[in-house]
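Quick notes on the structure that follows.
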Amino acid sequence: MDIKAFLQGVKDGSIPFEQAEQMLLKMPYEDLGFAKLDHHRGLRGGFNEVIFGQGKTPEQLGTIFAHFASQDKCVLATRCTLAHYEQVQNVCPDAKFDPVSKTIVLSTTQPDTGCIAVCTAGTSDMPVAEEAAQTAEFFGSRVCRFYDVGVAGIHRLFSKLEDIRKANCIIAVAGMEGALPGVLAGLVDKPVIALPTSVGYGANFGGLSALLTMLNSCAEGIGVVNIDNGFGAGYLATQINRLAEGKR
Amino acid sequence: MDIKAFLQGVKDGSIPFEQAEQMLLKMPYEDLGFAKLDHHRGLRGGFNEVIFGQGKTPEQLGTIFAHFASQDKCVLATRCTLAHYEQVQNVCPDAKFDPVSKTIVLSTTQPDTGCIAVCTAGTSDMPVAEEAAQTAEFFGSRVCRFYDVGVAGIHRLFSKLEDIRKANCIIAVAGMEGALPGVLAGLVDKPVIALPTSVGYGANFGGLSALLTMLNSCAEGIGVVNIDNGFGAGYLATQINRLAEGKR
Amino acid sequence: MDIKAFLQGVKDGSIPFEQAEQMLLKMPYEDLGFAKLDHHRGLRGGFNEVIFGQGKTPEQLGTIFAHFASQDKCVLATRCTLAHYEQVQNVCPDAKFDPVSKTIVLSTTQPDTGCIAVCTAGTSDMPVAEEAAQTAEFFGSRVCRFYDVGVAGIHRLFSKLEDIRKANCIIAVAGMEGALPGVLAGLVDKPVIALPTSVGYGANFGGLSALLTMLNSCAEGIGVVNIDNGFGAGYLATQINRLAEGKR
Amino acid sequence: MDIKAFLQGVKDGSIPFEQAEQMLLKMPYEDLGFAKLDHHRGLRGGFNEVIFGQGKTPEQLGTIFAHFASQDKCVLATRCTLAHYEQVQNVCPDAKFDPVSKTIVLSTTQPDTGCIAVCTAGTSDMPVAEEAAQTAEFFGSRVCRFYDVGVAGIHRLFSKLEDIRKANCIIAVAGMEGALPGVLAGLVDKPVIALPTSVGYGANFGGLSALLTMLNSCAEGIGVVNIDNGFGAGYLATQINRLAEGKR
Amino acid sequence: MDIKAFLQGVKDGSIPFEQAEQMLLKMPYEDLGFAKLDHHRGLRGGFNEVIFGQGKTPEQLGTIFAHFASQDKCVLATRCTLAHYEQVQNVCPDAKFDPVSKTIVLSTTQPDTGCIAVCTAGTSDMPVAEEAAQTAEFFGSRVCRFYDVGVAGIHRLFSKLEDIRKANCIIAVAGMEGALPGVLAGLVDKPVIALPTSVGYGANFGGLSALLTMLNSCAEGIGVVNIDNGFGAGYLATQINRLAEGKR
Amino acid sequence: MDIKAFLQGVKDGSIPFEQAEQMLLKMPYEDLGFAKLDHHRGLRGGFNEVIFGQGKTPEQLGTIFAHFASQDKCVLATRCTLAHYEQVQNVCPDAKFDPVSKTIVLSTTQPDTGCIAVCTAGTSDMPVAEEAAQTAEFFGSRVCRFYDVGVAGIHRLFSKLEDIRKANCIIAVAGMEGALPGVLAGLVDKPVIALPTSVGYGANFGGLSALLTMLNSCAEGIGVVNIDNGFGAGYLATQINRLAEGKR
Amino acid sequence: MDIKAFLQGVKDGSIPFEQAEQMLLKMPYEDLGFAKLDHHRGLRGGFNEVIFGQGKTPEQLGTIFAHFASQDKCVLATRCTLAHYEQVQNVCPDAKFDPVSKTIVLSTTQPDTGCIAVCTAGTSDMPVAEEAAQTAEFFGSRVCRFYDVGVAGIHRLFSKLEDIRKANCIIAVAGMEGALPGVLAGLVDKPVIALPTSVGYGANFGGLSALLTMLNSCAEGIGVVNIDNGFGAGYLATQINRLAEGKR
Amino acid sequence: MDIKAFLQGVKDGSIPFEQAEQMLLKMPYEDLGFAKLDHHRGLRGGFNEVIFGQGKTPEQLGTIFAHFASQDKCVLATRCTLAHYEQVQNVCPDAKFDPVSKTIVLSTTQPDTGCIAVCTAGTSDMPVAEEAAQTAEFFGSRVCRFYDVGVAGIHRLFSKLEDIRKANCIIAVAGMEGALPGVLAGLVDKPVIALPTSVGYGANFGGLSALLTMLNSCAEGIGVVNIDNGFGAGYLATQINRLAEGKR
């Protein structure tokens, strides 16, 4: 409901005074005590609900899943442990756990929109890459995975290039030197989402080296997300993918 | 020409041996002495040529513009001075200079594709925002500008929200605390390109504070580019805009 | 006793020479061996005694509580563990433990002065926020809590704004991007104490990103305390609250 | 006008539909082209208008002063040069320039509310301290200055302590080691606003050393503002001073 | 033996050729396999032997103590655990362990040279301060301890000032804001060794805030050692103390 | 096979079309599922295969060793634990584990090429130094070790200098202040590979202090590798050693 | 006058009440308007007056020199320009300017106390070293200079070692890698004051690399001062020198 | 002369006592007043003399060149200005100035040893690359230049790869993201010297981003030098080149 319709409703009496006040003040969320769940988010953003598991107790996560399951909603939880999953499973037997990406998914739909390429420089980047991939799939995007194609052995990347170019959007995941997104952006003509990981040692400073590399890339067409933020990359890729598929 | 066609050509003799070797080695660029100009870039990436003016002498820039003008190509130069422009004007009278964004444009086409919203937190962010806007327009995107809508007076932002939501993609430009992209991403359902500026003083450390804010945003759907990198933001926005318009 | 009264006492003999020397040298504290307890602090600053629990053994904390309890004093201990509490309970059965804020309080009075609003961006900021709230209440301030009202879903904040504006002073608690204090300071006309938390991941660098955001805020009327320093925020808020209530 | 009155007006027709929409959308500001001037700010925050001079041309600043002067408003501009002032003087002969704090003031009222103590560690901190003092005076606070009372010669500070204690609020300005706010907060029972300056050399890193010192102070009752942010300190001090004087 | 005497010995044959070569090459140390023990150090520097316990196994430390004990040498080991001590005790029953400073000492002499004042800002700084104090005592200096005299309650420091001034040299130990050395150096006329500790939280960055404060102090007469480097402070203080006592 | 031979083969039919496509795309590696093993690396770079053990499960490492052993290849694994080794030993009884450098080696050849000097400043630098030494030996270089020759007792270094000078290349390993490479480079005329370690405490920031020292050395002839990157130093030293021995 | 004598005077009436209050409050300094000059400092610390020239106008510096000259006091000003000197010369014809160290000295005495060795790694460190040397000489210490003896050509240092060892205290000045103090401290048995300079380029970060090297030195007996703080080093060296000469 | 021969000479009288002492103490350098010129360096290290021009006056540089020219020595000066050159030319008409690399060379020999490949990512890296190239040529190495072959357009690099592989050693110069050395090291089997430049803007922090990328490279065989340190790279490359050519 936009602002004009709301004002019209107040004026013509179809929205009573008390209700109008309530609508303005309390409508957008309900209160669960320890977290405000945003029911309008799916509507507003076109996306389902996502929970950040880390820092929540298994009991809290179980309650949240039960709450959404009772409303037949899809839910994705990131940064979960096996302990989280065991509790969720008790209340939502249909929820699934992926041990690599540490995600729990409760969903009845299949990814069917466009294609997002998820590329990693090394195998150690897989957990972060999978968080991105699982997120994109949860929101309905098809995902093609190209792992271990880093620039230190660049022929590996070239042999996959034709397939990567077919995607609407590329998520390039790399730790250590973080050069993959820049090389990829010079080879494809689609948006590249650069996802730095904290993989590395020595002077990588928890992913800072890869982050700076990506921000300073000479190639155009790169947007960077936070270190290890697989969810953020998967979400942004889905937004772009939907635009490309005319689904927005 | 893809790899199969190339191999086929070599096999059936339609591509002679010497030519094949030349194609593999020398095809993608020609040499101007002080910079390798990439003629295939427009083809490969679907984008025209762009020159980084800073660090080049007016004479060098003039030579580059003359070179492209002689081939009827469009060119955009960023980070230029008036001295750059005066030299360019001698050889390309049609080139135009924008003193706010410090860009020189030689182009015969008009922006006509979709819409990109460029929002700034303050008026001091305008030069960087205009670099982004000019870049997007050069590549054919329509741009809607929303300047001085920062979060310290958030009602200003709200009064423009309906218009911002109509864009395919939002470029959010902010220095100092850099909170604008995060707030915007919570209010719209399109990709937000976060563009930190070095505007500020004290502990902003040349834009680092805004950069970190944007990377750490709680809202989803944000890709960050380098500090003051208006060109990079405008380029990425155009890629997304083209996907949304089905133009890729 | 101010400097004039002291000098007068020395001059007219009401304070004997030896006592005067003792007063100047030894008066302000007594020695417990491992820590100098400042009995005059309540007098000087108008505040009761506070202990930083972290780094102290349960036995040391128990001794300190017993010492003050024997003098009918109120005490607040921050950064405590359950082990601390069990030891304190042995000697002070009236002491209370709050597991969220990790504080132990021994107090007979109720908060009754003015109102301080404690707002958090997310639920993960609650432990730090509660340390601030418990501290303010220990010193006699009433506290209104507004949790999970961060800028990524800014409509949540707006629905609470009228209530927040009624407070004498606002403590705005946020990790990650740390944008809440700046947005709040643009919406209210009371002092905002910005309290950054170390909540986040990736390039938040232990709370540095939120800290820099708050220091660089474009909005006026913000004072920043150290990362996770709930006690400091609660103390400063109480000082301001008392001034507003005309209690000093 | 609060939300209830507004809704009532819409309902009973006293606010026509078109006007209501205009009120919601356009009321809070008018557009000057290069900056949105916030007329309601004085109303909302109880403060007059302030302009950040740095980065603006003398002509722009002159236009802004003329605009406000035509409405009989008070204005303060910070970070101004003599060139700024000469232009402002042409259109506002009553405006005054302070060369130490680099502020231009157009005001007809005298500071008469409570007292704020502005203390500096050294004489080099004076420009920043004066920006704070001028700001506080512009907003109606009386200011007592205590300059060059840094901790390296702590007897200087002690001889002024009685006077400092009489203020409602203390602004403690220091560069280099930045220890003054912590020492002051241990000696007075009023809020201390810590204002780090970039004064120093070597490993002070543009004020970072003083900033970190102030954030890490062991003394309670300190709120820190950004490096060299005299205006922010003066504004916050005024808010606290007004609360103490019962003016809000 | 200086260079002239050595050359003379070679020339006149009192040092045979083979011996001379050995003296030049092998004399200064003998090899224990996992560490080169420097027997000449006591001679060269006037100091006994010191071992850095951290990172060594209890067995290695035991072997080292046994080696020196067999030559009736005094030894100090820093950064030791109880496990280290139990092993050392087996081979050196006379060795003593101090659980606060984590040092093991094997020594038959008593400290009797001049006086070094060791002052700490808080009680949490005691372990580092004790490492400094134990080190100084091991090398023969008398040590006067003044703990918990930080600047947040500066009257505590003043009541001890006369005694502190009697020392030849002051070690000022502080974490968090690290202001103690600067205040002390303004009050005494002896060298102050500033010893930052990693005590603190939030933006203290492992002691960096205290370190920067000390390096940037406005007061003269301060030399800074590394964070938590109690041994280094105690050693340097002893060098100065010996100079003052005319012992070198 | 170089590009000309390949094109010739395609042209004259000795390489059929399908095979040519396969050669271009799939030849350089085969896929093991969780990591792409690069069989051509030994060929391309003249070096055998190396595995980064850290982050891999014992089972994964065992599978990799079994894979290479079945092809009679030599393998080196770095950053391994005893648990890794126990699993590897099950499938490769000939593999050997070095507990200091944490490397597992499966090799039938003996180091016999030139000489590389590995020098350390202290005994704590040994694990990193041994990783470098084991790596160099695995690739066929002879290694001379000079441990505990740091600059704080520089006579130790001088007594070994003649032997160090005989090497083709020096690896200088140091933590803390990291001065060894600079001093060595001033004394020898061969390339010095500076290998900073994270050994130290206080303001060494995980090896950053040693890294900066080495990068800023006044002496010429130094190349720096990442903190604790013993493998990288051993590899680079071998490349240089082979060049010196005329082996490439 | 110590505290007992003061109290006695108050008690027996020899110090009248009003005078006592004045003594406590106003005695230690007089006010010059823009800076509080500390006349008691020479008395308290045993040192003459020093002025930090940088940031002061030539006129201000001239006034200060005239003020002290009228009282026959010695003065040292650091960080001065030729413009400063020309103004000072007008009022103090006896003042002398050293263009290398940028110091102005007004003094009638000759350095005659003990010896301080000032060593630099390179010739670019000379300005900072001379500030230290001039400071030490101003306070009465004899200074021996050993310039360009850095560790990259360590034989230069060794040829001067005997002379350096004769000093009571060594100031070791170095930029870039900053290794000189650590090497010196391993070779002499006197306190070494490490003075990092901002000389260098690339990753030296304004002297940070040298500063960290010095703080992390493995050698004992080092106290570090701020980057480029020649005055601080010269002052501390003089304090130690006086102790060694029994002059305190 | 090695240590044995020296001792023998002392013993058998062929080196008189006085001469022996002189040899030990004064032999390695002579004193020019403001800098110690190291005549033995060419002998010891096999390299000619190099002067760091920056920070030296034209007069000082002229004196140094005249000094070496009078001894028919070759000299290279880096970081010079035109003003430097004009002064040098007066005394050494044969000296040559290269305005790109800012080097002055006085040399009669031609580079004739092996080949070093100098590759740059962009044209802005040329000045630093030329400093490296000029340095290598001065020391006798042949240099092949491959400029503007950065990874953002990686086909440019591939077309030059065969030629690059023929060098004994590669210097890879890059600013901004700094990915070139890592990609090159994965494609060639010779040592790669990574030379980061300060070219870039935004979050490149004066070359830090490129430096970290290079240190964190996944590819083996890389040694990193300081930011913009062209001379250091050229020197190290020459050492390696000489080893490869058997010239050491």
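Couple of notes before you dig in:
The chains carry the letters A, B, C, D, E, F, G and H, assigned in the order they are written, with residues numbered from 1 in each.
By our rule, contacts are C-beta pairs under 8 Å (C-beta built on N, C-alpha and C of every residue); 3 or more make two chains touch, one makes a residue touch a chain.
Keep in mind that what you see is a predicted model, and the values were worked out from it rather than measured.
Over half of the residue-numbered contact pairs of D-G are shared by just one pair in B-H, D-E or A-B, which is B-H. For the two copies, subunit C and subunit G, the CA superposition rotation is 180 degrees, given to the nearest 5. Once the centre of each chain is set as its mean CA position, subunit B and subunit C turn out to be 49 Å apart.
Centroids of subunit C and subunit D (each the mean of its C-alpha atoms) stand 26 Å apart.
If you average the CA atoms of subunit B and of subunit G, the two centres end up 54 Å from each other. Among the residues of subunit E, those in touch with two or more other chains are 3, 24-25, 153, 202-205, 208, 211, 215-216, 226-227. The touching residues of subunit D, when paired with subunit E in their complex, are 121-122, 150-154, 176-179, 182-183, 185-187, 200, 202-205, 208-210, 212-219. Chain contact summary for the complex, subunit H toward subunit B: residues 123-124, 126, 148-149, 153, 155-156, 159, 199, 201-204.
Note for the complex: subunit H touches subunit F at residues 2-3, 44-47, 50, 162, 168-169, 189-191, 193, 211, 215-216, 220-227, 231-232, 235-236, 239-240, 243-244, 246, 248.
Partner subunit G is touched in their complex by these residues of subunit H: 24-26, 28-29, 34-36, 38, 41, 54-55, 196, 198, 207-208, 211, 226-229.
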